[in-house]
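Heads up, the next two complexes both have chain A, just with different partners, chain B and then chain C.
Presenting the complex of A and B:
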């Protein structure tokens, strides 16, 4: 194992250990916020696989997040006795199918047309969520109660925030680590190479259309998983989960963190949620200040927070500058 | 002798502009065929049609008895056909090693796997290294393509073309823009790496053509004007008038 690999695995283990200790170290209010951050971190990671790795600018990622969120709520309400795992699996299945079908339509187009079509599809899903009152609750939204987790030998009470936090940490954490691993696998590298030179890939035996569809579906399912935990976390879902605002949110998280690295968007989600919470405590006009902060960020540091950190790391003596611009190697956390 | 690659009546119009007007030629297995002709004769267009970049307006391409006409580029590659590009078309940000490995792992079926890493596959990495050595780039294997000299980039272009172990190789002006010395080196490298395979090469440099090819086809105004062994082509009056000129 190379030293870089070792460092990556050590870093992941450290983050998990820190996550396990968190409930003993922070207040309930903050633990609540941390759970939300973890959920949004996966959402941002899934978006970055699409934008940063494949170079696909989508304005429709919330349709998967929202689809996952609603699937969990609707299935828990309408299927009595449904376990939490099965509700989450249903959400994954649903977003995978929807990702595959919508991807089949959307990916026929490139660049601006693709971006606009994703926006149109997102609006379509939003309209359905708003109008189909009987199922989605429309403007009122849907309230659920987290079912307890049956592990066979014991049952874990999910009403307790700390327990739910641990489940989120493990499930979402594993999904994020797998996403990171994915960037090193054959498929992850194929996606990166396609962004670099799609035409050459075709002449090397790669079916680039299928590759893009698989990636689109995969990122949709990841966003769906994040959405499922969003509903479980708040025990409530409304049409805002599937709105274009929810796409804007992930876009900002990704840009604030930086698309050039794998872990940038996780940092972006962290900063975004914390800022949002504190600013909304101070003023009702918090979106205005959030907007200003983002404008300044995009103008001054287009590479996001991860760019700042990488620049600082390069200044430390003994740290060689081994980072290549937006290449696979930078994907280590 | 069965025909290995059989091109019949290929026509190509670009919105009214007739670039190819009925190209016919056959290539037999292990043949080394050059396609020459003045600029704008349609040589690269013909390559684009054989390799699947463009669809022909009409006509057919048979490769080992299979009709390729409706098959996309990636399928043609998997059937054993590979091409290089006249304008260097490599993965600029990646290292030489990663560039060549992209094709080696495709050939070994490691294209879309969600779990296996190319980094861990010894067979693929060894084959990649061997190809880098064959094209003379072993010393710069871990240098990004963008940092290579022009001659090295051209060699990488050929390395990538070889990476899927093709039986039929199409080279589009592999020595364009090279100095005489570089050209001489490139000729001997191409001769070595394409040994035992079928080669079709487009070239303007007659030294390259006469040292590599055993058959030459002259493309003129979208048609094959003549197709024969180098000696006969050199003395063909029609070819002299159209392209080679009097010595």
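Presenting the complex of A and C:
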């Protein structure tokens, strides 16, 4: 194990410890916001695996997020006595299957074609969610109550925000760490190399189509998990969870944080949710400011916030950061 | 079924509008390889400009002339000062930039005109109905189809019959060589993008009296226009014609025959085309 890897594990442990202490340090309102940030952090991480690592710009990531969100809500309503774990597992299974099937169609295309197709698929899912009123509630949405968590020896009351926060922190945290670990595996590295030079990877005997499909399915399942917790957090889901706006949100988060690093999108989710909360308090036109921030970022700092942090770190002598994939813009043809 | 001819004509009118929107989109994509997400937002700007101008002057014909000109200028400015700057970063950034622009334009529209639908009444000759074959039909819908035919024919004439068209098509194949031959390729690209914007503006003016003018109109047509260029084949003008007709009629008869499924029908068509011919009906192999 290199010292760098050790430092990463230390960093993860530190963040977890901080997360555990948070409920004692901040107010209820902020804890609510923090739970939302954690949920969206996973969503952004999954999106970045597509955009930053595989170089695939998707406008349809919300279909997995929304699918996960709706699966939890619908199954909790229609299957009495369903435990929270099983609802979440059901959401994971659904999104994995949907990711695998849609991936088969979508991944036949690249670049702008792929972007367009994902958008159209997302619209199809959105249309279904809106029209299938009996199941999805259409415009009214679905309300649920979080079921209590049965750990065998004891039951945890999920109605309490702090308890739900801890469950979210652990489950989503583990999922994020697992995604990070995934990028370090041979499979994760294959995806990176594929983006850099697909011809060469094919020549070396890799089946790039299968690797890409596995990655796409994996990110779909991760987004589905995030969506499942989104429903559990708000105890409500409407068709906005599966709308193109939900993809826009994650795209903004990822881009603001920076597609060049694994941790960038988490930072992006953090900044985005806090900005959104405060801006929407001040003005009704907060998307306008979000749009302006976005344009400025594209024009001035295409690497996002993590680019700024990395360049500051590089100014400190003796510190070299190599723990990052090559920035996405270098990859697109 | 006495409704069939009427629904067929409705389909033609919507197809005309779809063609006007997607022609500019597919032109810009074919020439510059930029997928312009702000295209539909520009279309919406066209509709809103036209609403204001119509209220001030009452001259619909004036709107048809002036609003595309406005959008031409906006398009030229966007290309020259924003899009060109990110060109070196690659397509992803161009796409993201137009995406951010769409966001801002939508919010500006809500800020200036409000977040509610506006009704546009044109009155005059175009507002009347005409009777033929025992049907009473609004002239305006026939007018839309006529506009689409005129625009489509003139675009084809410019692209395939004039010197400018030759330069344009050459610049797509090898822009460096065309540049070396003494043509100002960056200026050509600015012109193409601005022309695409003007087309979207024209479509917006025309859409105003047909559909409602509201902040969601951009998103509504954007998806349909994207489906048109996917089905027709990226960058193909002929494909855009055929796909617009297909989708216009499908939408129209979908409402008549399967009211519940009408939204999904368009996507099903797209999925079917993609399975059979992934590059679209008239697209070249990628």
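In this section, the second predicted complex is superposed on the first by the 320 of 333 C-alpha atoms of A that agree within 3 Å, B and C clash if a C-alpha of one lies under 4 Å from a C-alpha of the other, contacts with A are read in each partner's own complex, and residues count from 1 in each chain.
Keep this in mind: contacts are C-beta pairs under 8 Å (C-beta built on N, C-alpha and C of every residue); 3 or more make two chains touch, one makes a residue touch a chain.
Note that the coordinates shown come from a computational prediction; the quantities given were computed from them, not determined experimentally.
In the superposition on chain A, A:128 makes contact with chain C only, while chain B stays out of contact range. Of the two partners chain B and chain C, it is C that touches the larger number of chain A residues.
By the touch criterion defined above, A:190 reaches chain B but does not reach chain C. When the shared chain is aligned, chain C comes close enough to touch A:115, but chain B does not.
Legend: residue contacts after superposition of the two complexes on their common chain; A:57 is shown touching chain C, with no touch to chain B. Contacts of A:291 after superposition on the shared chain: chain C is touched, whereas chain B is not.
Judged by the touch definition given at the top, the superposed model places A:104 against neither chain B nor chain C. On chain A, the patch touched by chain B and the patch touched by chain C do not overlap at any residue. Those residues of chain C that touch chain A in the complex are listed here as 29, 33, 35, 82, 85-86, 89-93, 95-97, 99-101, 103-104, 106-108, 110-111, 219, 223, 226-227, 229-230, 234, 260, 263-264, 267, 270-271, 274-275, 278, 286. Those residues of chain B that touch chain A in the shared complex are 51-53, 72-74, 77-78, 82-83, 89-94, 102-103, 105-107, 110-119, 144, 160, 163-164. For chain A in complex with chain C, the touching residues are 55, 57, 105, 108-113, 115-117, 119-121, 123-124, 127-128, 130-131, 244, 248, 251, 255, 285, 287-288, 290-292, 294-295, 298-299, 302, 328-329, 332-333.
By the touch criterion given at the top, residues 182, 184-187, 189-190, 193, 196-197, 199-208, 210-211, 214, 218, 324-327 of chain A touch chain B in their complex.
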